[in-house]
Amino acid sequence: MSDKYQQRRFDIYGYEKIDTEVLEAIPYEYPEKNTVVEYITEEFSSVCPWTGLPDTAKLTIRYIPHQKLVELKSLKYYLTSYRNVGILQEHAVNRILDDLVKLLEPKFMEVIGEFHERGGISTKVVARYEK
Amino acid sequence: MSDKYQQRRFDIYGYEKIDTEVLEAIPYEYPEKNTVVEYITEEFSSVCPWTGLPDTAKLTIRYIPHQKLVELKSLKYYLTSYRNVGILQEHAVNRILDDLVKLLEPKFMEVIGEFHERGGISTKVVARYEK
Amino acid sequence: MSDKYQQRRFDIYGYEKIDTEVLEAIPYEYPEKNTVVEYITEEFSSVCPWTGLPDTAKLTIRYIPHQKLVELKSLKYYLTSYRNVGILQEHAVNRILDDLVKLLEPKFMEVIGEFHERGGISTKVVARYEK
Amino acid sequence: MSDKYQQRRFDIYGYEKIDTEVLEAIPYEYPEKNTVVEYITEEFSSVCPWTGLPDTAKLTIRYIPHQKLVELKSLKYYLTSYRNVGILQEHAVNRILDDLVKLLEPKFMEVIGEFHERGGISTKVVARYEK
Amino acid sequence: MSDKYQQRRFDIYGYEKIDTEVLEAIPYEYPEKNTVVEYITEEFSSVCPWTGLPDTAKLTIRYIPHQKLVELKSLKYYLTSYRNVGILQEHAVNRILDDLVKLLEPKFMEVIGEFHERGGISTKVVARYEK
Amino acid sequence: MSDKYQQRRFDIYGYEKIDTEVLEAIPYEYPEKNTVVEYITEEFSSVCPWTGLPDTAKLTIRYIPHQKLVELKSLKYYLTSYRNVGILQEHAVNRILDDLVKLLEPKFMEVIGEFHERGGISTKVVARYEK
Amino acid sequence: MSDKYQQRRFDIYGYEKIDTEVLEAIPYEYPEKNTVVEYITEEFSSVCPWTGLPDTAKLTIRYIPHQKLVELKSLKYYLTSYRNVGILQEHAVNRILDDLVKLLEPKFMEVIGEFHERGGISTKVVARYEK
Amino acid sequence: MSDKYQQRRFDIYGYEKIDTEVLEAIPYEYPEKNTVVEYITEEFSSVCPWTGLPDTAKLTIRYIPHQKLVELKSLKYYLTSYRNVGILQEHAVNRILDDLVKLLEPKFMEVIGEFHERGGISTKVVARYEK
Amino acid sequence: MSDKYQQRRFDIYGYEKIDTEVLEAIPYEYPEKNTVVEYITEEFSSVCPWTGLPDTAKLTIRYIPHQKLVELKSLKYYLTSYRNVGILQEHAVNRILDDLVKLLEPKFMEVIGEFHERGGISTKVVARYEK
Amino acid sequence: MSDKYQQRRFDIYGYEKIDTEVLEAIPYEYPEKNTVVEYITEEFSSVCPWTGLPDTAKLTIRYIPHQKLVELKSLKYYLTSYRNVGILQEHAVNRILDDLVKLLEPKFMEVIGEFHERGGISTKVVARYEK
């Protein structure tokens, strides 16, 4: 039986398909305040680097903006670009943090991925940046 | 700004990528009973046929088997094959019903798709087969 | 104190602002099946015909399509057109039912409005059409 | 100790304080449809006829209007008039049903009172009218 | 170790401690209506007839009164009288039904006991009377 | 990597380890009533017949006893005997139904197994017996 | 299809429609205490500055009053005045904070907006003022 | 229409009806420990000082007793005495704190009122005392 | 009516029925770690010292063991021994803390009792021990 | 009756069946960050060392990785190896912590076991490691 499934391995894209260039910042009008901004989606998805089977997660991006906000539609396209990329859950969360810190230069940022269970085990990853 | 996003339209596969051949039935030992069997996944996903953006859904498959059960791993691969297919939500649910009725010849089957909101509106589709 | 608020009565639009013309149907590929389709939004809003203060509701539209589905984006624009219209809650739900029955000629349709409380009382309205 | 509390018995009003006259009907524009209308409040209150201590309840009024709707503000004043009236929980629910049936002549009406617990026991009463 | 616990077997009262005499009915003013009345307590308790260890349950008493309601305080004392009585869960629920049917002569009555788990298994019992 | 896991296949017992003999009935005192009795455990467990990995389920046993109740401790030992038995989920639920119907000769019985997800898919099985 | 929707762009008001003048303070009788006061509404609404489509949010206003409380009805009219104003979510929350700090001169204030999802992403904004 | 409601203004009692004298303390046997004691009721009620319409709240009283506990029945009568008193929500919570601090001389006390929404806005007030 | 209930006062046991002797400690293998252990039961029960009516509570016992754990069955018998003892809720929680601290000599212990409502008021008590 | 159950004591494996060798680490690409990683399963199971009856638990493993992550499939096989091992709940949690700390040399690790109730008492154990 396993032969059948091995022939059917799904396409797995490499890291180069992560579309950091689509990301766009917009000016923030209250840079002197310590405002906390949070984006939440229940629909983040990438694939397992070994089997190509999807990993799905609730993703939370929390930050204190300095002079820039991320444009929401560009964020959606950026996150959607992970959809067929093979990447470990722990690494995906850290990569998103790094890309957004580079774009926004915030005072603080935290990215949280809560991945649906695999083999009866679910995984939560919390990566953090402080200036 | 919209130009940027139009250049980035994601690949959209046609219906021919729906992998009905991976589906496999196994014999059911209690054909004379009216047992109800239900499979539930919160991770079904296809894409919008116009934009290529993902649609995600909770999917419920409920049936009264006659002489066959669906093999669970083959069901997972079948459902995963919709991942990059462009298909309307109402049509995806009916297509899954048709494929599984053909495979299993059950006494009764119902497929329910509960799709996450788009534009503030979520969609639920219930398709039903009775012998 | 009440003088101040009476001077501030908000604009109240008439029924002619309900945009039935934006509604658009698309062909349904499974007319012979009794499939149940349901759209849910938690963001419906109209205004009280006397005070102009907003009424907000969770709206559920449930139907068995015959040959037509409503195009989802056109539904969103139609519902948004109630935003500044002065209309009683019980009448809004029936009006939506009538407009969609005329557009889709479904086998069955039910519209449910669950309005947030006013004066400590919340209101639910269920209007139904059967061929 | 009990002496102190017996001296403090609260005022208990009689049934004559139930303000049926404040109730007002408004015309309903869809008398031919079997629309279900429901009003819910979590703040109904009357008092125990023996001790004067408050009874509080969630109250649901569900009906199929014929030619009249109850005006919502008049309903609020009517319900508030029970606030210091001494009446058994089972009787209060039936009394509200009778008053509203007389006012509205509906096709169907049901009144449900879900009273908070007394002595560790909570009470639910469902009274029903059918034409 | 078990010796220690066997010496400590708690007192177990017999059925004669069930205080049916405390129960009291009061006249119901709406005998012609089919009103449903329900009493719910999360604090019912009796003991296991073999070990004397407590069984605790959520108890629901639902009935359509004819000419009598049970006085609520008398019901509380009646239910409390089971506290140290050794009785099987399935039998306790039926006994309560029988005692209340005799007292109230209702049109319908249902008693539901939902007992906390023992050995990882919880038990629900639904006993019913119809005239 | 898979070699390592294939060497570690867990012991899988056959159906002969299902301990039907431990089951014990006790007399029911209310055979003329149609009382519904329900046992619920969140801790049922068997193993996959191919991999030996555990399947865990919430199990509900609902029946209308005629002259016998199942003794609760014997039920616990019976259910625990599945712990290392390799059996398909759909078959386990039907087998439990058959064993208990033979023991208790009830008027009605229903066994429901709600199995935790495997590969993102959870399974519910409802098997039913009517005299 | 998009032409149709572009013709239907909704009216978008500018910031000058935000009605700060309706806001009214009332004296607070306990200025020496550090009392925390919180107002919560699930019905805040403004519109997207680019499309005119509504953004809806749960809004929480938490503060430690010094000598003034905001009059609740004036707060309702103030918040309702955002209903057709085009303003970014992050800016709306900061603007409300600024207007209320100017009015009330509190010891502390925090405004939290939890906006419904757009494109599958919901947004939370927490703005804070400390003396 | 408003005339009718203005004639029906409910009786509004003054602060002198708040029954501080019914409050009674009982000795606490563990004064040297920092034990936290909390009383919660979902049934607190007073009336709006301008309209006489009821305000209802969940009330939490949390304290670290020194040498006295409040007698629970006296607390119930004290809280019930607010039932027809006209008092602002923010002031009611502070008044309860002051009365109980005077009675009990605790090491710490906090009173929290969570009032049901009025005009779509609910209010929470947290008042605190520290020795 | 009250005479009837006064004749029926339930037996109330004194503090001497609290069975501290049944409590048993077992050695803990990880004394050098600061492990937190917590036992939770929803079935604690004692009686009111004045009326003999039952008080029921959720009880949480949280501690950092040093060299001893409490044997779980002995804890169950100890807690069950309160079942007919007349004791104030605040005192029961402190007494349990004192008995277990004496037995186990832990690094830290906290006992929390959350008692069901009486007269519409529920009570929570948190008693704490630190070495 | 107890004789029957004593003959049926289940097999209880010793600590030597805990399969620490199956555990496998994989390199972590972000060692300089303080990322928190958490694995959660609701299906952990071991057996009581005295009766052989199963103990089931929700298990949470939370850590800050330094240079290694645990490979998820090897973790699943490691946890499954406890399935028939007789071990006290408090000791199982500490043993898992020790095995994983040795494998991963993390900056911080916490293991939490929340065991289903036995005799009406559920147990939670939190063991912690800090470098």
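Chains: A, B, C, D, E, F, G, H, I and J, in written order; residue numbering restarts at 1 for each.
By definition in this document, a contact is a pair of C-beta atoms (placed from the backbone, for glycine too) under 8 Å apart; a residue touches a chain by one contact, two chains touch by 3 or more.
As the structure is a computational prediction, the values presented were derived from the model and not from experiment.
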Practice task
Would you mind working out whether chain B and chain C touch using mostly the same residue numbers, over half shared, or mostly different ones?
Solution key: different
Exercise for the section: Just give me the whole-number Å value for how far the CA centre of chain G lies from that of chain H. Expected result: 30
Problem - Rounded Å distance, chain F centre to chain I centre (Cα mean) - result: 36
Exercise for the section: Just give me the whole-number Å value for how far the CA centre of chain A lies from that of chain D. Expected result: 53
Handout entry: Multi-chain contact sites of chain D, meaning residues that touch two or more partners
Key = 42-43, 73, 116-118, 120
Problem - Touching pairs - complete list by chain label - result: A-B, A-F, A-G, A-J, B-C, B-F, B-G, C-D, C-G, C-H, D-E, D-H, D-I, E-F, E-I, E-J, F-J, G-H, H-I, I-J
Completion exercise
Listed in rising order, chain B residues that touch chain A in their complex are 1, 4-5, 8, 10, 19, 22, 24, 42-43, 45, 53-54, 56, 73, 77, 80, 83-84, 116
Handout entry: List of chain G residues in touch with chain H within their complex
Key = 28-30, 33-43, 65, 69, 72-73, 75-76
Handout entry: chain H-facing residues of chain C, complex
Key = 116-118, 120
Completion exercise
chain A partner, complex, touching residues on chain G are 88, 90-91, 93-94, 117-128
